[in-house]
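Structures are listed in the sections that come next.
First chain A sits with chain B, and in the next complex the same chain sits with chain C.
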Partner chain A sequence: MNLGQAYFWICAALAVIGAVAAVAAKNPIRGAMGLLLMILSVAGLFLALHAQFLAAIQLIVYAGAIVVLFLFVIMLIGPAASTPPDKRGLPSRIVGAGIFALSGIGAMVLLVRSALAAAAAAPDAGTAPPLPPSDFGGIDTLGRVLFTHGLVPFELSSALLMVAIIGAVAVARGKQSDPTVAAKTAEPSKTRAKEIAS
Partner chain B sequence: MILWTVLKILVMVGFLFNVGGLLTWVDRRLSSMIQDRVGPNRAGLKIGKFELRVAGLLHTAADGVKFFFKEDFMPPKADKLLFSLAPILAMVPVLALTAVIPFGDTISPHQLWRHVCAPVDGHVLQVLDGQCIDIATKAIISKPLLVFPSAARLGISTVQTPIELQVAPLNVAILYVFAMAGQGIVGAAIAGWSSDNKFSLMGALRAASQMVSYEVTMGLSLIGAMMLYGSVRLEDMVRWQGDNAWGIFVQPVAFFLFFTAAVAESKRIPFDLPEAESELVSGYFTEYSGMKFGMFYFAEYMEVVTSSMLLVTIFLGGWQLPFLHRDGITIQIGETIYAAQRLPHIWVILFGVLAFFGKVLVMCLLQAFVRWSLPRFRYDQLMKLGWTVLLPVSLANIFVTGVLYLACESAGEGMAHALKAAGDVTQAITAAVLTFLPLWALYGFFNTRAKDKTLIGTSGDMAAAAGGTKTTAMQG
Partner chain C sequence: MITTNSYVLLSAILFTIGGIGFLVRRNVIVTLMSIEVMLNAVNLALVAFNRSMPKAHTGQLFAFFLIAAEAAEVAVGLAIVISIFRLRRSVRTDEADLLKN
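For the complex of A and B:
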């Protein structure tokens, strides 16, 4: 096992540990820390795949923003964030977990079978594939692809994000009416109150 | 190769630790100077009659000893794992940040004592009869004149691999910086939560929201600079500034925004709301003691050093000195060359490394001055400043930079000449400031008026000589 493989296995093991911790932790903050560990190790895996840009974005967006948001919300909620043990609906939960586990195992089996078939078909299966060019996955190459071939999907996805932000603002503000309108409607009632008082 | 990397890590981390430790001393002595008092000068070594005090410098060592031997108290209801993890999470990102910061020009080991050429993009150059020629084509190479030249990268030498004075030359350097800066929040948040203390929790909430808010400004303020430099690599940015003008001249607004955001990120006065003593005891690390507290305390000072390093790299020319290029000193404004002197490669490298670390020290001192000169904000003022002033200004900066860039680029060759001359003038201004400011400071140091004489940097002996006694400070 060379250094690269060792690096992969360490990152992969940490990612699995983090993911399990995120799901299994009773304390929500510990769960969030498990998620952070998972995200960091997946960023490490991206680095091994020459995807430096993706690794950096993973750290900025997921570790730097999303996990911090989770921590923030958990801290704001306080002790209520950790739910007491709940025994209701146990059978349906077990069934749900079983279905997920089965489909996961099925997907793994299909992947391994296709990989084995590909390995049998290729005569030089033992040799490593050629290394990508040194600027592969860097910011220049990715930017060029993003703004030439992938321009339309890129702009569309940013429009989608914009819609989501506006939607979030609308939902957060609820059906509260325009403050200027509210002030206008409030005025007559005030005058009426004055009239009553007088 | 691995030996060089270890050496570079030692230089960076050694500088960070030593200057961080020194800053705790500078902070105290400087605050005493600003507040017109003597400041700590009691820690000393006493061997027989001989007493060593070194102007209170030993207080730093005494602090370290105290941190290690104090009781490491943990609140009984604290989350033990997270409580111990938090100081590590606060400190590691600060250390990791220094990996991408270039502290000197690339060394070409095989021509260390010879004269070398200024880099031209994509060529491997060699000096022959006083002229720079391309090794492959034997043609004399000169720089092309562009409105916005990209930073010239060195060609890859075939003789011996060049040594970059940077631990990890990543191609996503700036993004890596933001990624690491973002991790610091988690340490503060976890510390506050796991302490099981209301003040800690309040401090952690403040820290998290403050750092998230100012990170936005920090990121956006650099986009204009990235546009001009045409790269996100920090070494390219430094090269560009050496060839043209320092970042503080081309992006003055961004410099101010980044400086403000960086001070806010390090949670120091005037942005020290997360640890406001008068409101929150000491914020998210209220419950910490011993070396765990020491790690938070020290991480803050190291953050000052790393943010100074970033400021120097992006806006103050990194390792560049005005008119000192890779091939030697060339004083040139526009097309006229006033003086030119080739220097051996090793001297240029050495001057560069010293210039970088010197500039970092000056920026650290400036941050200490800021800390002791400004009052603390109120929390709502802090948020208002971040979101309604700094953020719109940084967006406007991006827009204005883009429009000016487009206008200049379409103006043609005349504009290229004018910008080149303007860039050289800024280099001359920098050179003048760098020469006269230290001279002026030295003059002031040796010609202090009698009534301004204070006991800065004194030990008890100097106090006694100045008219006080060894135990009481000088009166009047």
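For the complex of A and C:
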């Protein structure tokens, strides 16, 4: 086993451990830490796949923004964020998850079988794909592709983020965003200010 | 050496873990985290396929836009979680039944 294989297996094991922790943790803070572990190991796998720019984006956007957002919301909600397990509707949930797991395991079996068949057909050819050019996945080339082939989706994604920010503010603000309520609460203070002034 | 198949297999494992968590857990925050796990698995598969065909950057471009869409999804999703918590004092998915009846 050489260094690249050891790197892959370590990152893969950490990603699976982090995913299981994120999904199964009773305490959501521990779940967020598991999510962080998975995100960091997936960023490591991006580096092994010659996607340096995406690895940096993964660290900035996921580890820097999304996990922190999760932690903020968990702390805002407080102790109610960790709900005790409830048994209502457990059989239907188990059946649904079991069907999903069976289809996932079926996909994995197909993958392993095709890999074994390819290895049996050509024992020496079933190795890693050929090395890409040295600028593959760097910020230079990917930025060039982004602003030539992906210009329209890029602009659309900026519009999507803008709409999401406005929507998040509008949804999370709650009842105080209602203008009539705001006017009602503002009026007495205004009249009181006038009384004090007179 | 590690082939594309191993990466896709790892991606399938992560996606299945996330999907099971999404279907079994009742906590909205954990459900959102499961969606994150699933989308990360998809990103890993896209980048791995791009690595096996390094002529173009299509897979990495797609993964980039997926990350942007996911940031928007998490922002709106967590805003909805806070809104439901204000109304119901709970983060369980089955207590968010305002449209029932």
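What we mean here is this: the second predicted complex is superposed on the first by the 153 of 198 C-alpha atoms of A that agree within 3 Å, B and C clash if a C-alpha of one lies under 4 Å from a C-alpha of the other, contacts with A are read in each partner's own complex, and residues count from 1 in each chain.
The rule is short, and it goes like this: a contact is a pair of C-beta atoms (placed from the backbone, for glycine too) under 8 Å apart; a residue touches a chain by one contact, two chains touch by 3 or more.
Computed from a predicted model, the values in this text were never measured in an experiment.
Q: With the two complexes superposed on chain A, say which partner A:I10 touches: chain B (first), chain C (second), both, or neither.
A: neither
Q: Classify the contacts of A:A117 with the two partner chains as first (chain B alone), second (chain C alone), both, or neither.
A: In the superposed model, A:A117 contacts neither chain B nor chain C.
Q: Please work out whether A:L76 is in contact with chain B alone, chain C alone, both, or neither, and reply first, second, both or neither.
A: both
Q: Touching A:A65, do we find chain B (first), chain C (second), both, or neither?
A: A:A65 sits against chain B and chain C alike.
Q: Is A:L161 in contact with chain B, with chain C, with both, or with neither (first, second, both, neither)?
A: A:L161 sits against chain C, while chain B stays out of touch.
Q: More chain A residues touched by chain B or by chain C?
A: C
Q: Just checking: does A:I57 make contact with chain B only, chain C only, both, or neither of them? Give me first, second, both or neither.
A: So A:I57 meets both chain B and chain C here.
Q: Determine, under the contact definition given at the top, whether A:L151 touches first (chain B), second (chain C), both, or neither.
A: Neither partner.
Q: Could you pull out which residues of chain A sit against chain B in one structure and against chain C in the other?
A: Correct list for chain A: 53, 57, 65, 74, 76.
Q: Taking the touch rule as given, give the residues of chain C at its contact with chain A in the complex, in rising order.
A: Chain C residues touching chain A: 1-10, 12-21, 23-27, 29-30, 32-34, 36-37, 40, 43-44, 47-48, 50-54, 56-57, 60-61, 63-65, 67-76, 78-83, 85-86, 89-92, 94.
Q: Using the touch definition from the top, list the residues of chain A that touch chain B in their complex.
A: Residue list for chain A touching chain B: 27, 29-30, 33, 36, 52-53, 55-57, 59-60, 63-65, 67-68, 71-72, 74-76, 135, 138-140.
Q: In their shared complex, at which residues does chain A touch chain C?
A: 2, 4-5, 8, 12, 15-16, 19-20, 22-25, 28, 31-32, 35, 38-39, 42, 45-46, 48-51, 53-54, 57-58, 61-62, 65-66, 69-70, 73-74, 76-77, 80-83, 85-86, 88-89, 93-94, 96-97, 100-101, 104-105, 107-108, 111-112, 114-115, 118, 126-130, 132-133, 136-137, 141-142, 145-146, 149-150, 153-154, 157, 160-161, 163-165, 167-169, 171-172, 174
Q: Using the touch definition from the top, list the residues of chain B that touch chain A in their complex.
A: 79, 81-82, 85, 170-172, 175-176, 178-183, 185-186, 189-190, 192-194, 201, 204-205, 208-209, 212, 215, 232
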